[in-house]
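These are the structures in question, set out in turn.
There are two complexes below, and they share chain A, which is joined by chain B in the first and by chain C in the second.
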Partner chain A sequence: MKFGILVNEGPYQHQSSDSAYQFTKAALEKGHEIFRVFFYHDGVNNASRLMVPPQDDRNIVNRWTELGKKYNLDLVVCIAAAQRRGMLDENEAKRQGKDASNIAEGFHISGLGQLIEAGIKSERLVVFGD
Partner chain B sequence: MLHTINKSPFETNSLETCLRFARAGHSVLLFEDGIYGAFKGTRFESLITDSLKSKNIYVLVPDVEARGMRTDNVIDGIKTVDYAGFVDLTVDNKTVQAWL
Partner chain C sequence: MEDEVIKKFLYVNRKAPYGTIYALESLEVVLIGAAFDQDVSLAFIDDGVYQLKKDQKTSVDSGAGMKNFSKTYLALGDYDVNKIYVDKASLDERGLTADDLMELVYEDEDDDYKEKSSISIVNQEEIAQLMEQQDVVLSF
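Moving on to the complex of A and B:
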């Protein structure tokens, strides 16, 4: 079955960020397809490649990147939510005249239309938030 | 239809509201802090027991164990699931409503 996943909360702040990952992983391991994972609101912070959690803690961003690589996932960060929170990819950093970008490998920035499309094209849209 | 509850009933009224709106035959999954609604001996036990007559209620075991709670104390009739079981619930139900 085809799933869309919506992540509305940030890493290390609320469990929904972890729940979304665990659910996505379990669905993939059962052979389901993840059409897209959409990071919205504070959920965009899950995509920061600059996070450095203690070594004995889970690394939330690397965990997504690795899962994305393994299953070729479409990990989309909402552009409006990202810009407000200082989350930029290289193109956006250049366009906005900023000196750095921080979006991790495997994620890309796009618009809210991608969430709507995930809702339409997936058979289930599962929401994780606070 | 599957309803997901991730808040403790001692924190918000989403469990009570959900159970009021959910129809007979619907399923309700308690996860994250929502698992606190699944235990015997709380003031929500009668609400849960009553709802079990017409609805299916599930609790996510990893979230029970992460909080140091025991599945032995889960109200009789509530079914236990892991993440794979959570995925199965979303497959078996045509729509999923998160009560955030």
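Moving on to the complex of A and C:
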């Protein structure tokens, strides 16, 4: 089965951020295909490479980056949702005249059309939200 | 051929318009999605029915001090988004009726461009059937 994944909630704040990861990982391990993981609303914060969780806790962003690398995942952060929350990649930081960027390795910023496309191209779009 | 696939998309709006950003960002998805020529419906349930409330006042003096985006819903008809379902029980629970909602309309090109209402007030069984018919359900 080909899945699209939508992550609508922020890391550490809401379980749906964890559930989205666990579901994606489990689906891949069972041999399913993940067309794309799209991060929206506060979900964009899952892509911050500047998060520093306590040592004995899970590292949500690293976990996505590693899973992304292992399975060559398309991890897409919504640009509109990201910008208003201060999530920028290097290009956007430069373009907006900001002095830092914070998008982690393996993620990239793109538009909402990528979410609609995930709905069209996937057999199931699974929404993780509140 | 693959590019010509038309899927049924339903956006389920469940939250009040200004308490959280879900309503505004849901509307942004709907507007972008409209460019993909899919078969789009919107459902408004629970506090989501407030998104369509007439006369929203959001200035600092009279409200939350946020941008009033309610007029954007009025433009949905021009984007061919004209199947808007509002849950009657959610209206009833909040003391609202269809008259409290904005008049969302579209021009029916199959009927001499007559202006028609986009809004249908439906019961929960009909909402369930609507969800059953969809390919993609986005819940915000």
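We adopt the following convention: the second predicted complex is superposed on the first by the 130 of 130 C-alpha atoms of A that agree within 3 Å, B and C clash if a C-alpha of one lies under 4 Å from a C-alpha of the other, contacts with A are read in each partner's own complex, and residues count from 1 in each chain.
Criterion: a residue touches a chain if its C-beta (ideal position, glycine included) is under 8 Å from a C-beta of that chain, and two chains touch if they have at least 3 such contacts.
Keep in mind that what you see is a predicted model, and the values were worked out from it rather than measured.
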(request) Tell me which partner A:Ser19 touches in the superposition: chain B (first), chain C (second), both or neither. (result) first
(message) Just to be sure I read the superposition right, which of the two partners does A:Val127 touch: chain B = first, chain C = second, or both, or neither?
(response) both
(message) In the overlaid three-chain picture, which partner chain does A:Ile116 touch, first (chain B) or second (chain C), both, or neither?
(response) second
(message) Touch test for A:Met1: chain B only (first), chain C only (second), both, or neither?
(response) first
(request) Considering only the touch criterion stated at the top, classify A:Ala81 as touching first (chain B), second (chain C), both, or neither. (result) second
(request) Find the residues of chain A that appear in the contact set with chain B and again in the contact set with chain C. (result) 8, 125, 127, 129-130
(message) Quick check: in the complex, which residue numbers of chain A touch chain C?
(response) 6, 8, 40-41, 80-81, 111-113, 115-117, 119-120, 125, 127, 129-130
(message) Taking the touch rule as given, give the residues of chain C at its contact with chain A in the complex, in rising order.
(response) 5, 7, 9, 21-22, 25, 28-29, 32-33, 35-36, 38, 135-140
(request) Enumerate the contact residues on chain A facing chain B in the complex. (result) 1, 3, 8, 15-16, 19, 22-23, 25-27, 29-30, 32, 124-130
(request) Provide the residue numbers of chain B that touch chain A in the complex, in ascending order. (result) 6, 31-33, 62-63, 82-84, 86-88, 90-91, 95-96, 98, 100
